[in-house]
Amino acid sequence: MANLLSLNDLTVSEIDEILDRAEQIREMGDAGWFAPNHLLVANLFFEPSTRTRFSFETAEKRLGLQVLNFSSAASSTQKGETLYDTVRTMQAIGAKAVVIRHKKDEYYRELLEGIDVKILNAGDGAGNHPTQALLDLLTIHQEFFAFRGLTVAIIGDLRYSRVARSDAEVLNRLGCQVLLSGPEEWKNEKLPGKYVPVDDAIEAADAVIMLRIQHERHETAMKLTKEEYHDRYGLTRERAERMKPESIIMHPGPVNRGVELDGDLVESAHSRYFKQISNGVVARMAALEWALDLKDGRQASEPERIAEKL
Amino acid sequence: MANLLSLNDLTVSEIDEILDRAEQIREMGDAGWFAPNHLLVANLFFEPSTRTRFSFETAEKRLGLQVLNFSSAASSTQKGETLYDTVRTMQAIGAKAVVIRHKKDEYYRELLEGIDVKILNAGDGAGNHPTQALLDLLTIHQEFFAFRGLTVAIIGDLRYSRVARSDAEVLNRLGCQVLLSGPEEWKNEKLPGKYVPVDDAIEAADAVIMLRIQHERHETAMKLTKEEYHDRYGLTRERAERMKPESIIMHPGPVNRGVELDGDLVESAHSRYFKQISNGVVARMAALEWALDLKDGRQASEPERIAEKL
Amino acid sequence: MANLLSLNDLTVSEIDEILDRAEQIREMGDAGWFAPNHLLVANLFFEPSTRTRFSFETAEKRLGLQVLNFSSAASSTQKGETLYDTVRTMQAIGAKAVVIRHKKDEYYRELLEGIDVKILNAGDGAGNHPTQALLDLLTIHQEFFAFRGLTVAIIGDLRYSRVARSDAEVLNRLGCQVLLSGPEEWKNEKLPGKYVPVDDAIEAADAVIMLRIQHERHETAMKLTKEEYHDRYGLTRERAERMKPESIIMHPGPVNRGVELDGDLVESAHSRYFKQISNGVVARMAALEWALDLKDGRQASEPERIAEKL
């Protein structure tokens, strides 16, 4: 029972456990819905989100959790409340876990003391996005059954993307070769990985992760038009033809068609774009079970918890 | 099992079937709540709405469906995602149906291929609003037990109102005489029906449907004050007195009291305004059952489906 | 079965009954969740709120009610609908109760006739906030087991605070001595209580209720900086040290740390800030049960209702 702030806090065996469970739930199909329980979870999204919020909410409902949804525009944070007080309030109301997206890097630092609810990080600024990394790992594992020795290219906004950071760190730790590429001004020396030209990255990779251009974060930072970006750094149809036969295309979404990816590639045979989204639900179910110590939608009993550790 | 985009896509016998089922559910009263199931439905309202969204949400909850609610202001559509990608994402998350309101006429055209969830149109621009038409039909049928031979007046913004269009087309098809009236600049030659002066329409009609002035759609289009509009085209108390004794007043809501209708008429003996809203819930339950092939809140088995067709 | 608009409408024995039931539910802990029923409740928050809305929503879910949430920004009230028509619409949709927060004082006056759903006031302008008063009473009662003879200080924005008004009136009625203090321009001659200097109030009180500065309501009204306000009218650490040993600190939230209260006092031994929030859920459960005539999350039968009255 722990927070999920960054995959860096998890051991490889904990990551494996979560991925195995996610795959197990996926295989259960419609049986992977559990009876309602009395555990309250609050989704606190201080930044707009469709896919991540709906993905978490669906995961929570399938686990039988009771869900509170927070839309930052309609809330007391306008009244100047600290994040600590908001989360501590959710605890007082009875929440057992909170899922938080916030534009501030490591917003969770102020929540590490005094809070007794589990925190699942749904994205902190340019920091981490651990459940996105989990679903990306799940998607890659479904394809290649292992991580060690794979080559994964991460291309685009390496500087501000929390997806890039979360993916690069965990893929590197799991033994993948990480190739990085994108505009010079978005280079990020802190990421583990090797910078190579876009064409080289795409040709060498088993999995190509194209990052979203976050127009809402740095509107003026990039001087290229969308067409220019696509030509220089995007996955064009020409580049896609030079990918390895078994390689896959990934993207954290929402995709800007014709910018990061040629629109026709979104649902191409190589693409796992919508599969990633489906994987997001089961990955988040497994992550919530892990954080809340759940077993098939109810809290694990003490003997079950001990058995689990053996 | 089909989309519900416009009533034009439905046969008369399909419409009858939905209306019969709606009436049946209405008569069940409190027993018309079904056990929770594992079918996920997303309400995607890209335009503001209270009554339609709450009506659909209540219908979904009474059917035992699992509901996701989307508020366009807090979503990724701000991030430039296409509607296709948003809906395809809901499918990947596990939704079996999406209820969509969108300001764009026939937004659903881009969803007809590649999407494998049922789409229920909750209003497209100045296009269609099929569940509003269903609840209007149900309201008229409860009163007159038939459609053929009835005279229905539709008065007001005939040009931009999707209610006018949906109602006029289906009422005409079902054998009603449709009378149309309203400001000259809002005439719509495409609507089936006969233009007559307001007073004539009101005096001849069995049902008078007063359309809402959509201030948010064409603020400057109309040069009349509210009082002038009411005097010339509204249902004043004087006009109401000249209605036939058994005739009824309808309005899709929300009503601008004193503009389309004299405020005192909203809950008068002739008015079915709030009854329409109640009918909306059962009409939408029946529509969702039809679209999702449900039977008392669960998916129909193969034998049940075959029996249904006999 | 009645509305909950102001505690002034309730007898002392009704208030006692609600408080007893709230305490009983609190002691039930996790057993204080009841089976889902088919009663629909709509939360209509026309002003931003986190804690009150989540508190009511949690209370409703624990009672097994079906919940509709209304975000005023995304609704038809933008389309000019009256509050009466909105609430009457919720009734037509099937709601049995509506929880309303609205910036207009006594907004509920227009709802007293023609509406057949229970109205629970979640705050009307500078009027009343009865469920906040209930949770404050519950918090005080848990500490002192009685009200008569207690001294309660209410400090701050006495003019615009509905919490001040609701608390002062009911505490005075229940036999507490109410001390009032705060800036001269926020004095409110209508409140029952005795004006005294801040230091005197804090030293004499068994319970000190510090009111929130409502920056969003009167931005320019106050000429003091936050620091100046804190020094003159806030609960500083120095003042807190002069409180009676058994006395408690309360605040309706959200707190402006360093303004009404020194930040360190929010979770001090004297503070009941987060306990108030927890009490809010059970107080609202009891209030909903009272308003809707519920018994353990289902509607009381006629014999039960009669037995109750004996």
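Letters A, B and C mark the chains in the order given here, with residues in each chain numbered from 1 onward.
Quick note on the criterion: a contact is a pair of C-beta atoms (placed from the backbone, for glycine too) under 8 Å apart; a residue touches a chain by one contact, two chains touch by 3 or more.
Since the structure is predicted, the reported quantities are computational estimates derived from the model, not experimental observations.
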{"item": "Rotation in the CA alignment of subunit A with subunit C, degrees, nearest 5", "value": "120"}
{"item": "Copies subunit B and subunit A - interface residue numbers shared by over half, same or different", "value": "different"}
{"item": "CA centroid of subunit A to CA centroid of subunit B, Å", "value": "39"}
{"item": "For subunit C, residues that touch 2 or more chains besides their own", "value": "36, 69, 71, 73"}
{"item": "Residues of subunit A touching subunit B in the complex", "value": "30, 33, 36, 45, 48-51, 54-55, 57-58, 61-62, 69, 71-73, 212, 215-216, 253-257, 266-267, 274-275, 277-278, 280-281"}
{"item": "Contact set on subunit A toward subunit C in their complex", "value": "36, 38, 40, 42, 66, 68-71, 73-82, 85-86, 88-94, 114"}
